[in-house]
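Look at the two complexes coming up: subunit A is in both, with subunit B in one and subunit C in the other.
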Partner chain A sequence: MNARLLPYMLILPVTLFLCLFFLYPFVLVAKQAFTTGAGFTLDNFREVVSYWKFPISLKNTLLLAAAVVPIQLALSLLMATMVTRMEKGRDLVLYVWTIPLGISDLAAGLIWLAIFEQSGFLNSMMHGMGIVDKPANLLTFQNPGLVFVAIALAEIWRATAIMLVILVAGIGLIPKEYYEAAEVFGASPWKRFVRITLPMLRPSLQTALVLRVIMAFEVFAVVAALGGTLFPVLMGETYAYQFDLLNSGAAAAMALVILAISIAATLVILRALRVPKGATI
Partner chain B sequence: MTDATVAEAPAAPSTRSAGRFLYISGVVLLCAWVLVPIYFLLVNTLSSPDTVNSFPKPLFPEFDFGSLAFFAQFAGMLTALKNSVLTAGMTMIMSILIGAPAGYALSRFDFRGKELFRLLILLTRAFPLPLLALPLAVMFIQTGLDDTTFGLALVHTTLAIPFAVLITFSLFSGIPLELEEAAWTLGCTRLTAFTKVVLPLILPGITASAIFAFVISWNEVFAAAVLTIENRTLTAFLLQNLDTSPLHLKFAGGFILVVPALIFIFAVRKYLFAMWGIANR
Partner chain C sequence: MAEIQIKNVAKKFGAYQALHDINLTIADQEFMVLLGASGCGKTTLLRIICGLETATEGEVWIGGRRVDHLAPKDRGIAMVFQNYAVFPHLTVFENIGFGLRMQKLPDDEVRRRVERVASLMHIEMLLKRYSGELSGGQRQRVAVARALAMEPDVILMDEPLSNLDALLRMEMRAELKGVLAESKTTAVYVTHDQVEAMSMADRISVMHQGEIVQAASPIEVYRNPAAEFVASFIGNPPMNFLRAEAAGDGKWSVAGNVIDGPRYGKSPLQFAIRPEDMQPAGDGLEAKVKIVEPLGAHLLVTCEVNGTLFRAVLDSDMEVKRGDMLTLAPQTDRVRWFDPETTLAVA
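This part shows the complex of A and B:
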């Protein structure tokens, strides 16, 4: 076969596949969102935005992301630095810490439901310690704060691993010489972390944050398992439009709203953590 | 001078051992943070339905298989499990067959449009992909792919392909071109050199990325719930029945979702970091 054509032959399947199942659906979803059968219209967006649940679900989604992502960032940085210092048992600890990476958001929601439900382990343990004498139903509309905490904990539990993996891989790419030099000049561990690890880790932090933040706007099954309708989020409303209200135009408009928020967040993160031109490891 | 060292010597080990104690307890605590919630789910799964719904909960499993038996004979559950395995299997095969050639092309050739192609791959990761299920639902009805495991597998392949391309790219890059060239001089064609020299070396890595594709599909909730109605996968089935199903069914289902993930993450743990390292760039 012609050697010049070979690479194109090899990438052809992926390109075709992504055009058909990635780019084309985007055109479709945009078309669906901007039409109602009779030409271009913004009716779908107007309908979606004016629905009483929209401000709540938008607020909930953003609030959850704002609460969860910084904690996860700090936690994954802590875990990644802990792992790099480790000599014995590194593989085992890393395996344990990355377990949630393979667990679906629905399963994670159910796992935390086992703790927070009325006859769950939190109530059982509080009962055992004599704090409560009969199980209170924790996840109700009377305890919106607790519902939020349960969902946030499940999200932190589930999705810190993906940031950890990216950051551990990133730390592994930083040359050891920088640390040795810093040590020679008497930099404390904290100084080494702030002056070497953090700046050198910028590309990894970018990737980790972009992926995580997009996942945070897609939060769905964890909320469905723990909060049900108590805690409306954007993705749950999209699902409700598609299935319960059978309004695919509105669902498409919701999808574009989520997409717009995701793109905006991605651009902010890329800008905030941009790597200076020409600077490489 | 001597005084100072004498005075300092006993203090240093005690602060160091205090730091070491803090460090080890931190690691243990974070391991417990990951493992204890999974343990609670295990306790619930291995308890009889009565115990799961009773209060207070025992902290140890009673090794009763009542919940799992209930799960197994619950109408539609085993079919859902079968659908999940089928979809994930198809996703695994398709994403490797389509993705691996592109990974090979990226690692071996410089061709025009390579950067554009990489951008397309990276772009797919920066979008909330499950949303694509909405327009595809319409497209699938037109083509007769609606409510089939194959149709869902196509969407899951879109989710898994960027990973398959990037992982195989990093794997192929790890195998020196000289090995292939040596095979060519010994009379191999490009194809036989690939099958006889490169493929055996790369097979474990390919398996790992196939397993990763399997896990992505196995865990996906939103697209599965949107695209299947009669032939629901396990995640979609559990999600649909969240409001109505009893606790022991939820927990047994969650457990069935978690087990393969535990095994698979263990199987691919070596490759997790390699693939995220390259994905940064």
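This part shows the complex of A and C:
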């Protein structure tokens, strides 16, 4: 076997797999989005963007991402720093913290629904403690703020661990000597975090943020379980086009809009957290 | 003025006793080398002086101030790390200025000090680079410059040259010694390399199994080792040892020769002599040559005396070959004696 060809031969199976099950469907979706019966057109895009629910679902999706991701970033950094400092029981704590990762997003939504619904844990508890006279239905159109908070909480609970895992691995790669040098040269623990941990964690932060932000734009099942139609989001609208309105051209166009937003966000994150030219981390 | 006093310092890691009751005074502006094999506790002692490690017992004083409860930054020290620890995400300038920035010095003061030490270490043209763009030797210079920029009372160095290749190490050794003498700081330097220790130190503390066996000038450590360990650790090749039986009245029988020695009881002693302190003569130790290594400047001959391996450094003109019998006369004023019970030197 020619040694120069061997690497390409080895990645051939996975390349074929990706082309068949990823690239090909993607091309189909793109084709669907840009065509009606009569050749190339932007009609599908015009239709979805001019629909009255589009601005609301776009706003909701972005707002949710803007509220959830920074909190998750701060939380996962804090948790990762704490776990890294642990000498014993570190793996156990990590396992417990990552349990939500193993639960599907619909199940996660249902768990939080069980807390917030009229006969749920929160109402029972408040009623039992005499804070409220009778259980109230919290997740209604009269409480849009509460619906948002419930969805945000469920998202934070469900998806912080994915960032945590990446950041724990990243922090583990930073040599201890850098912290010792920083300490000897007068950096307080906070300064060490800001001047050593954060900059040297940039590659991991990029990965964690890109993954998490893309996930945030694709939010669907948690919202469906907790908000139903009260809180329209882009992915929910895509679903409605495909399965309720049976308009697959519009659904494909929505999917591409979400993809465009994801790509834009990814580029912004990569740019914001880039490592200066020449610096090696 | 920064004299370092280490008083009764001991360190335990769990059940393992890394340091036993260390007492050491390092004078102001002295260059003290802590020398020993790996695991002897030299780095632990340095880290205790630095404050990265806390002593289990004892006190550390720097410049007349007790510092063992202070954070490293409040001890008036700076450190050069073995792997340099030059921050890869900062430029050379920001690396050297890191400690000054932490002290919140004004920008122009930072610039002035960084430029001064950079030119001292001959790296002024590298200030805009990142550590990934530097060679090992240049990174080493940055690490030293960063320590010097602090203008510390004490500079601590943990095997700073061990990652450099041999030629560069020799060059840096001389340069570092000059720069440190110029800066008038007290220096504590950890190494396992005895050549480095001998050539740089004002005083060497030889450490073994968590204790300081001898703290003295390089020549004193070499000529008058306080214990068998020092004699066998310092010098390449190390000192030769032969068993000496008491022959009464300050005379000792060594491999069939009767030699003048100390008046010291009747139990056997160790006779010790450096390989270069012997001459072929008509009368002396009978040595059977096993290996001959011509080293250019001299001839290193490994022989057997009375069943014990024994090395001699001879003139390179000598014609010696494997299997020859040599008679080696020890230079009497260079002979040392050790008590095998205590392993300590006998006067």
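Throughout what follows, the second predicted complex is superposed on the first by the 275 of 281 C-alpha atoms of A that agree within 3 Å, B and C clash if a C-alpha of one lies under 4 Å from a C-alpha of the other, contacts with A are read in each partner's own complex, and residues count from 1 in each chain.
As a working rule, contacts are C-beta pairs under 8 Å (C-beta built on N, C-alpha and C of every residue); 3 or more make two chains touch, one makes a residue touch a chain.
Please read all numbers here as calculations on a predicted model, not as lab measurements.
In the superposed model, A:I99 lies in contact with subunit B only, and not with subunit C. In the superposed three-chain model, the partner touching more residues of subunit A is B, compared with the other of subunit B and subunit C.
In the superposition on chain A, contact of A:E218 is made with subunit B only, not with subunit C. In the superposition on chain A, A:P203 makes contact with subunit B only, not with subunit C. In the superposition on chain A, A:N60 makes contact with neither subunit B nor subunit C.
In the superposition on chain A, A:E177 makes contact with subunit C only, not with subunit B.
When the shared chain is aligned, subunit B comes close enough to touch A:F121, but subunit C does not.
Against subunit C, in their complex, subunit A makes its touches with residues 175, 177-178, 180-187, 191, 195-196, 199-200, 202, 275-276, 278-281.
The part of subunit C that touches subunit A in the complex is made up of residues 50-52, 71-73, 77-79, 81-83, 85, 87-90, 98-99, 102-103, 129-133, 146, 150. Partner subunit B is touched in their complex by these residues of subunit A: 1, 4, 6-11, 13-15, 17-18, 21-22, 24-26, 28-29, 32, 78-79, 82, 85-86, 91, 93-107, 110-115, 117-121, 123-124, 127-128, 135, 157, 165-166, 168-170, 172-173, 203-204, 207, 210-211, 214, 217-218, 220-221, 224-225, 228, 235, 238-239, 242-243, 248, 251-252, 255, 258-259, 262-263, 266. Across the interface of their complex, subunit A is touched by residues 23, 26-27, 30-31, 33-35, 37-38, 40-41, 44, 52-57, 59, 97-99, 101-102, 104-106, 108-109, 111, 114, 117, 120-121, 124-132, 134-139, 154-155, 157-158, 161, 165, 190, 215, 218-222, 225-226, 235, 238-239, 242-243, 247, 250-251, 253-254, 257-258, 261-262, 264-266, 269, 272-274, 276-277, 279-281 of subunit B.
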